[in-house]
Amino acid sequence: MGPVVNGGDGRGKECRSDAGELTARTEAGRRMVELAQEHAADFATRAADHDRDNTFVRENFEAMKASGFLAATAPQEFGGLGVSSLHDLVVAVSRLARGCPSTAIAANMHLGFVWSTARGWRAAAQPPPQLTMLLRLLGRGRIVVSHAGTEPGGGAISFPRTTAEPVPGGYRINGHKIFATNAEIAETVVVFLRVPDGAGWFNAGTAVVRTGTPGMTVERTWDALGMRGSGSHDIRFTDCVVGRDMVLVGRPLGEMATEWPGLLAVNFPLVAAYVGIAERAMSHVTELAVTRRQQPSGQLLADRAPVRSQVAEMAVELAVARATLGRAAEAIDAFLARPDAEVEPADAYRAIEDFQVAKLVVNRSAAAVVDRAMAVTGGQSYRTGHLLNRLYRDVRAGGFMQPYSPPEALEFVGRTALGLDPFDELRDSLASARAAAAAG
Amino acid sequence: MGPVVNGGDGRGKECRSDAGELTARTEAGRRMVELAQEHAADFATRAADHDRDNTFVRENFEAMKASGFLAATAPQEFGGLGVSSLHDLVVAVSRLARGCPSTAIAANMHLGFVWSTARGWRAAAQPPPQLTMLLRLLGRGRIVVSHAGTEPGGGAISFPRTTAEPVPGGYRINGHKIFATNAEIAETVVVFLRVPDGAGWFNAGTAVVRTGTPGMTVERTWDALGMRGSGSHDIRFTDCVVGRDMVLVGRPLGEMATEWPGLLAVNFPLVAAYVGIAERAMSHVTELAVTRRQQPSGQLLADRAPVRSQVAEMAVELAVARATLGRAAEAIDAFLARPDAEVEPADAYRAIEDFQVAKLVVNRSAAAVVDRAMAVTGGQSYRTGHLLNRLYRDVRAGGFMQPYSPPEALEFVGRTALGLDPFDELRDSLASARAAAAAG
Amino acid sequence: MGPVVNGGDGRGKECRSDAGELTARTEAGRRMVELAQEHAADFATRAADHDRDNTFVRENFEAMKASGFLAATAPQEFGGLGVSSLHDLVVAVSRLARGCPSTAIAANMHLGFVWSTARGWRAAAQPPPQLTMLLRLLGRGRIVVSHAGTEPGGGAISFPRTTAEPVPGGYRINGHKIFATNAEIAETVVVFLRVPDGAGWFNAGTAVVRTGTPGMTVERTWDALGMRGSGSHDIRFTDCVVGRDMVLVGRPLGEMATEWPGLLAVNFPLVAAYVGIAERAMSHVTELAVTRRQQPSGQLLADRAPVRSQVAEMAVELAVARATLGRAAEAIDAFLARPDAEVEPADAYRAIEDFQVAKLVVNRSAAAVVDRAMAVTGGQSYRTGHLLNRLYRDVRAGGFMQPYSPPEALEFVGRTALGLDPFDELRDSLASARAAAAAG
Amino acid sequence: MGPVVNGGDGRGKECRSDAGELTARTEAGRRMVELAQEHAADFATRAADHDRDNTFVRENFEAMKASGFLAATAPQEFGGLGVSSLHDLVVAVSRLARGCPSTAIAANMHLGFVWSTARGWRAAAQPPPQLTMLLRLLGRGRIVVSHAGTEPGGGAISFPRTTAEPVPGGYRINGHKIFATNAEIAETVVVFLRVPDGAGWFNAGTAVVRTGTPGMTVERTWDALGMRGSGSHDIRFTDCVVGRDMVLVGRPLGEMATEWPGLLAVNFPLVAAYVGIAERAMSHVTELAVTRRQQPSGQLLADRAPVRSQVAEMAVELAVARATLGRAAEAIDAFLARPDAEVEPADAYRAIEDFQVAKLVVNRSAAAVVDRAMAVTGGQSYRTGHLLNRLYRDVRAGGFMQPYSPPEALEFVGRTALGLDPFDELRDSLASARAAAAAG
């Protein structure tokens, strides 16, 4: 991969940033990672432009459709690569992010959904025809999916305010979603919402809405510090009517459901993007340090012990990030391999704890690596257009990834580490809300 | 100061971010700080625009001229406020930065030069007429000064490559300077350069070049991650001829001169801008936390223990930044109060050590405060136009301030803490270069 | 002060650890700090012995009585030095700790009480005769005071379980106190306890009990990781009867009283002991680094850039600790200078916030300095008898100092920083307990 | 394992400290880990006594001989368990350390040597009879081995001063070794030394000396901050003559040899002891937090958000330590699986980099976990006899483990991360010494 592989004078070639990298554990995963590396080399050439222009990485999605990458997590029966290991998906996302972090997270919003759909299909004794049809489209890379989860004001994972009201033959959806990555090109939007249960309360629900359905509007609002190529726009639903088959109604809000696999597939691999960012920053510095000479001494940066000390701390941070993410991914694969029937809530909490710990660690480490990379590189890295200028902005997105902010992630981990139920408080909140609804 | 002072429901009013702030120690300083606060309230209303448009904070300089703020460090005899305490200058810069960090650093590039000129005038038995004339202009706020120190490739503080070659009646300057804050509006540019000594080596020199002098071109190149309103453009000198009086020739390069006071006045107060940034981020969060309610619980952010824990760490970081900077400023004032004749190199090294330690500490702390502020505020702070989006970019400039990068600052501090001469290596480098020059 | 001042080859002489130290701000304080330095040089010769033998620093107290140091905070009218600045008390404690940390904290348990008594005497329109008599004894250095505050299970500051029950002519005390520093030699024990109010609840109370009073037993239980010379034994009260004059009855438990000055005087200067420890570790390393040569290269430790990098980080940590503590001490002096009548609870909370922030910062920094000192010194510092072996154990006491553990200190700071009342929860707890008491 | 496994009220049972632990990857490793757990439960009952009395863990070695644990890394042909994975050795050492850290490191000094001997035997086309005989003894658990590597003043790994001078029929050894763990009971001491090459320089050498050989004296000097049960005494050699077969002569000092496997086997798994310490501290806290109630509120520690926040950070640190160590162990196993002939120096440097990074990370994390455990537990953990008092002292040994101190480990990692030869400077030093020797 062009911009990442070192070379030149033979010293950079030995660079550790390649040596300790995460690698796929399955054959399908290895193929996916190879594709990711090829794409990354290409995407790296356009990342700065999309960042500057705040444009969606549209050509990258075309290329990933063409190569079959977007169908990597679809079953082979449907034309996919059959990647079922989230660990390997993690590795692929990290590679992609070396070239273009925006594309890496955007791709996983789609890939995670495909993975989740494939899992449902595999698990079903008799898969419903819609599922089969959907997988056919996904397996051929015909459609791109956007996730509409987050809402203004937060809390949408546990208590969405977007509502699908039953109407004859279907549902009428109203609500406002933000941070809907891929919204600009998606043919299909997966909407997390609530459905009135007819008794004053709500069930959780998921709607699949095709682009062009009247009442659904994508507002091109995305303009942010970083990840500018991800097209994470707003979507508004105003009396948007969809057919009955397009809404999956789940359990009452406040009862923790068994939808962890989908949450994990869509959100956990996003963490890998920040490892990819750190790897890119590391490569930049190790290459620079053996080629740039300082004035007035004429020494290479690598000849300065203070520089080596920074690089060493970067290597330590990178090792920590990779190891913690890799190990969490293995644990999550093991969790997902267990039959749903055997899984207790505590098992799911542990898997989410692994996810949250990895997120906290990777975000801290990756930010530290980029920061040190800038310190070594000097003032030029502060200029617009410099690689590290962009990575400094992209890397900060990590703390905003669903479902927990860093302080709330620590609270979650503190509870699970103590064997407490992490959803106690939330359940109390929702129970109060439900009681109020019943009373009102 | 509008955006910084909390209020409203009476809870924010108690906010500690005001309680522990640095305060001026002299009467003149107090007046300057009051002005800074008034300006900051005004500048805060335009900071986002200059950031978005990448435009120099021109109106802010007009306002600071009009109020007398730009002459604060000029002697009262010349119409200034007579601020001679760098500690108080530090306080004023921190206040300005709460409103607009770009303006804060740009103002100090000017104020530090004025301070330094005033000091030279006070110390001189019989001040040269040019100095008096210059102070007259500065005292009336007629001119703005830009510093042209940094060069591409670094090292310009110890070994500038910009050269003033003697010609009949004056000097001919050639060279390329970068990061010349204020260049866009400055009537006067102070250029750090070298002057051939006629024996194969160079003396350090400082030229004062008026805008409009043929051969000096300001290139409007400034476009960076943050501090976008500071107009830190490139300046090129191509056979730019200036009169003899306009170049001050110093000691041979490689001999450490007694120019520390000027270096300290121009560069040390810049550190205060990052304290101001942290204070602004703190204010934002303490105000938000007592007004914003979380969904679905309806709790105030301040009711969440994980939020309070973040705020507590912010308060700790802010206390550390303020205390370390304030104490360094007091020590530096004490150092500068000593007659030049009594000062040994080791004393100057300690003053620079205090400066570098404060810079390292403030930069770490301020970045941590902004980071936690974003974690508490959530995804909206990642959007373009949000205050914290800008502060996150502005705060990162701190590590690039002259004269040392963070790793080299640590090396400097390590040497002085051990009683070693921090310039040993540099002197060796320059001696080698000089020997090579002599041989060649 | 022998072991701290560097010297020898002239390089160590320049050591920064002296250059940036805290200094007294009042004349009386300067005299006290001088005495502290003289004592420290002496105490340093015995510190290892008391640590090894787990014996109280009895001779040190004899020496501090003889020199007048123990009366430093008594008014000059009573023979004291008249030190009224807590800032200067902080400086003196830090100096003492360079020689012997155990003595430093033990001395302050006494000095803080003397300070507090002197303050009460100064504030009283007509001081009660007992107070005058007590100050006469304290001013002549005749008696040593021990504080009996902490109880097993914690919480004694807000809800002591030790009880003084009214009996004819006085009170009968029952209870169990731990960590009563100085208990072994104190002629007087100050006991924090509760007094039944006759209506089912309790008032806060303070008893002064003379050694030898039947029913009070000092149990020589002190045996801890560090601070082994401090004699922080258990004291048990079993039907210990004292006269009415010896018990001061305060406000109901649960109402926050205005006893902050005493709390601050006794507990806040203890933080300075950890700055003294860090200074001692720093001195050790800077001296070692310019004298010890490494094998096989024969280089001085100071010639190794990785060593300098550690020393630099130590210098940064030490600067942070000193600055934060010094600034907190100045703020607390300013708070204490205000007339009690003017002080609002929020002012007192801020003073405690300053105290807690300084404690958190100093403990983190001092521990980091000692840790790095060991890393530079190598395996010999792990051996029993080595200075750093002891400092590593002593420094860890900092987190256990009253009134808050590190996590609870953060919660306190988080609340005050947000303008919330830090005692809300405690008041609720006590109100519940009171209601339960009333009901039962 | 009794003291580590939580239980009782059902909440502790869920504790994460078990859930995320490292597990063996081979069948032989699993058996070893089971034994380690059984031993740990037993050793935990005596750990405090050995710590207090500063006595070697003699009974633990008897138990490990009896169970076959000490022969775990011997080939099955010789009665061992045939554990060849260093990863699994790492897991076993971590488990042992939960019960008794001193035993864990002492055991590995032996187990690593056995592993290394077994590796030599397996690799040899025709193993020399001495090797076979040695393995017979080791496989039956008949002898315990001590390593005599470290020397006063450091540098012994690259330039030992202990010398084996050729004499008729053998060698005469003179020198002084320190930190020779197990020295007290070892039947065999493995001595790292130098052998004159007859041309003014030295070859590296390893001697195997039987206890009782005249001239070798074990001095029972071990008395340290922690790891007090490890019996890491001094050994002096004074004209100690051994037979020719007992000294293995290697390559010239200064040429990097291929002895990495032995270094890795003896030293790398020691890092695991600190993970075991952290796990023990975590278990202590998670159990305490769900059973201890605070006064006056009566809340469980676990009910306090500030406590949960500390526990969360402990969980994060523990995850980081486990993941980084586990991943390094896997990488080192992969390195060791390659035939010696294929291995380039750069490969060995990377394996050592993995080792050093894991050591840095684990030591930082484990110390942080123990520190937070004390903060949550409170003042009682500072008392002599408390588990955390001991772990606080034991955990600090991590930074002194061979072959690099933390600052030098960072320098090593900085060099390898940049593709530089980490031994450049050392080679220069030794070349100078050699030139001086030749000249002298």
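Letters A, B, C and D mark the chains as written, and numbering starts fresh at 1 in each.
Note that a contact is a pair of C-beta atoms (placed from the backbone, for glycine too) under 8 Å apart; a residue touches a chain by one contact, two chains touch by 3 or more.
If you're wondering where the values come from, they're calculated on a predicted model, not measured in any experiment.
Any chain that touches chain A and also touches chain D is listed here: B, C. Centroid analysis (C-alpha atoms only) places A farthest from chain C.
Separating the centre of chain A from that of chain B, both taken as means of CA atoms, is a distance of 40 Å.
Separating the CA-averaged centres of chain A and chain C is a span of 51 Å. The multi-chain contact residues of chain D, meaning those touching 2 or more other chains, are 305-307, 309-310, 410-411. Contact residues of chain B toward chain D in the complex are 305-306, 309. For chain D in complex with chain A, the touching residues are 6, 11-17, 19-20, 286, 289-290, 302, 305, 307-316, 319-320, 322-324, 326-328, 331, 346, 350, 353-354, 357-358, 360-361, 410-420. Chain A makes touch with chain B in their complex at residues 150, 153-156, 158-159, 161, 178-179, 223-226, 294-298, 304-307, 309-310, 367, 371, 374-376, 378-379, 382-385, 389, 392-393, 396-397, 399-400, 405-408, 410-411, 425-426, 429-430, 433.
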